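Next come the structures, one after another.
After this come two complexes, each holding chain A, first together with chain B and then together with chain C.
Right after this comes the complex of A and B.
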């Protein structure tokens, strides 16, 4: 049974139809990626799943509950955590407080234990723990966002725009860490703009174009050049 | 550089002793000035809790000063209720009033929230100015507080100031405090962490309203007369805003430093009526341009100096690991 099942959702911004009839499946213990260009609607899908946007049509079944239209804080309580792109750190709070916010729903001692785990995974965050998040570099902010996500020990972690605006060497670092996290069995739904990287890290991929799913399949079986066509809306995908 | 626990305790004891013996040592003038400082300190502390930590920039906190003052007047003058009991009842009414207007003003955020709260205060001004029972817009002498000693007023203000600082200190160290700061920095991210935004903000707002009512009562105990246009005057909020901005928005020491400076400046400018707002304005502009984090905020950024931290020190998990 799927852990997360998005069934035929539509999302509107006012009159504008941003997402049209999108369906996704995430099996437990896998990494699923959404691939697509800027403005394709990837972040809208993520925000709709975690409750920051409301779908105008369709259902979202998470762990047996229909969460479509529920509030983000209620969805978080069910074990679905969203790490928005790095620009959404709590700027004026310290790195440590940012992480502690991740385990907001937990009691004290448990939070300390998880904090230790995150510091082991990202030692740089330990070094900077008393600094305000606003002074972190782009890569460190992304680590903070991921760390904050794991602090809640979710059933599924949604990671938006992992490599946006980061240097390739930093991206490599972050993906190494993601692999480490994946080995613990955590289910993840990620958004990535880089096709090659996305296919190599995930088990299953969806290509989003203009608010619709135009291609999907096991990441190992998808043909990269076809994915590229779908990504840009050229070749068979032109309209 | 955070202050060590023993040093902090010594500092607090020293301050308490100093303030305790002040009435015996100081002149009446000094005592009155410190009383004012305490009241402005308490107001600024509450304004900073909302504006600096919870991201709710209010321009309408004078609503609660006015309600506190009028409740004191009505209950103690008209019905002969004990003065301190009147003040506490006033604070409760403020909390309830804050709760009652929250559904409307919480729909707004940012600058709209600021204007919305201001309108509520102005509406109260108009309402009281047209209310026969309070004598319309006329001055109303609070003769129940006549004959109170300077010392008594001073201790009341001191208790209110300590209470306000303590509430901010304790609240920020709870999980609610953490959530408030998170909402201030990114409401949507805070919500995806499981924070109930509306409830958390409301909790903070009602606490601030209650305290403002208390401060309003203590303030009018010393002013000894009230009318709607001074009771609900935006000048209260201007004073709080000034104190917090020059002291340091989002720091706990900022409102203390700011309030002390505010009272000193207004006292010096007392003999030059009309000039004090110009001087305060110039100081505020200079501080905003040169040190936008305020005095204590800049000091903290430059040297890491902090007396009252909103965060509890946490066992240094990573460092013990590295030592193994």
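Right after this comes the complex of A and C.
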């Protein structure tokens, strides 16, 4: 059974139909990626799943609950954690306080154990734990955002554009860590603009074009040049 | 001279008590609460009513006033301010302005325009009486209470999960929401705490100075001064701001006569604003 099932959702911004009849499935223990150009609607889909946007039609079933239209904090309580585009660290708080906020819903001593796990995964965060997040580099901020996400020990982690604006060497570093996280069995739904990277890191991919799913399939079986056509809306995908 | 400085510092403690609630509300939700002074005076009247009508002593009356003001704070936040917070800072500011006018007139209707003073034994007692220096008990108590509340509040904000969630909400409400924080409730909780503290400030003010229904505006201006000098949202800045204002006022009165003491205090305020426009301890989130 799917952990997350998005069923035929529409999302409007005012009168503008941003997302049209999108359906997605995320099986437990897999990484699913959304591929698409700027403005295709990937972030809108992510924001709708985590409750920052409300769908105007359709259902979102997460772990047996229909979460469509619920508030973001209620959805987070069910075990769905999202790291939004642009990392959104708590700028004026220390690195450690940022991470502890990730485990906001976990009141017990368990938090300290998770903190150690995150520091083991990202030793740089341990070095900078008493610094304010605003002084971190772009890559470190992204690590902090991911670390904050796994501090909540979610059933599914949504990562929106974690490589945005980062140097290639830093991106490689972060994706290596993501593989490590994936090996623990954490389910993830990620958004990535780079087609090659997206296909290599994920088990299943959806290509989004102009607010619709235009192609989907196992990442290992998708043809990269066809995905590129779908990505840009050319060839068979031109209208 | 020494007398002026000591009394000024102690008076500063009272002023910072008046300012804390306003500073926190601004620091956490970027809301300039124009009804702050009136809410405080409302707290003073509640203390007065409870102690007069039910015959409780001032401490118990204050506790009841704190509870009532916390409830009022929750209602104000949840049913008035939270409704317009998403629409920007100006609508929320106007809501508090309207609330200010409403409260001042409501109190005028209920309590009449007569001067009042919370009668207490402390007002006329001096803890230190020497030819060069005398320290009034009520000033000293105000100062001690202010320090305790500021230190306590700073500890709660820094060390507890609750304080962290308030800081996170003030920093990035969207991200806080994604971490599972009910941000509207966090704002309401912040307002409740601020109103509780403001009720204590109200009792301290009411037992030190006479008050009447329209006193709120006068204390709003003092709160503004304290918060602007200390830096919006900084707790210890609020204490320093209160002391600077208190000392400036009394030294100004000492040098130029008591008629112009508030003028001197606000000239100091303007000078500090000109030199450090963000206040001495500027921060927009709550920090030590």
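Just so it is clear, the second predicted complex is superposed on the first by the 236 of 239 C-alpha atoms of A that agree within 3 Å, B and C clash if a C-alpha of one lies under 4 Å from a C-alpha of the other, contacts with A are read in each partner's own complex, and residues count from 1 in each chain.
The rule is simple: contacts are C-beta pairs under 8 Å (C-beta built on N, C-alpha and C of every residue); 3 or more make two chains touch, one makes a residue touch a chain.
What you see is a predicted model; the values in this text were computed from it and never measured.
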Does the chain A-based superposition show chain B and chain C clashing or fitting?
clash
Would you check which partner chain A:123 touches, where first means chain B only, second means chain C only, and both and neither mean what they say?
first
First, second, both or neither for A:218, with chain B first and chain C second:
neither
When the two structures are overlaid on chain A, which partner does A:96 contact: first (chain B), second (chain C), both, or neither?
first
According to the stated criteria, A:115 is in contact with first (chain B), second (chain C), both, or neither; which is it?
first
Is chain A touched at more residues by chain B or by chain C?
B
Output the chain A positions appearing in both contact lists, the one against chain B and the one against chain C.
50-52, 71-73, 76-77, 81-82, 84, 88-93, 97, 100-102, 104-105, 148, 152
In the complex with chain A, residue positions of chain C that touch it
161, 164-165, 167-168, 171-172, 174-183, 283-285, 287
Interface residues, chain A side, partner chain C - complex:
50-52, 71-73, 76-77, 81-84, 88-93, 97, 100-102, 104-105, 107, 148, 152
How about chain B: which of its residues touch chain A in the complex?
175, 178-179, 181-182, 184-186, 188-197, 250, 311, 314-315, 317-319, 321
Sort out for me which residues of chain A touch chain B in the complex.
50-52, 71-73, 75-77, 81-82, 84, 88-94, 96-97, 100-102, 104-105, 112, 115-116, 119-120, 123, 126, 129, 148, 152
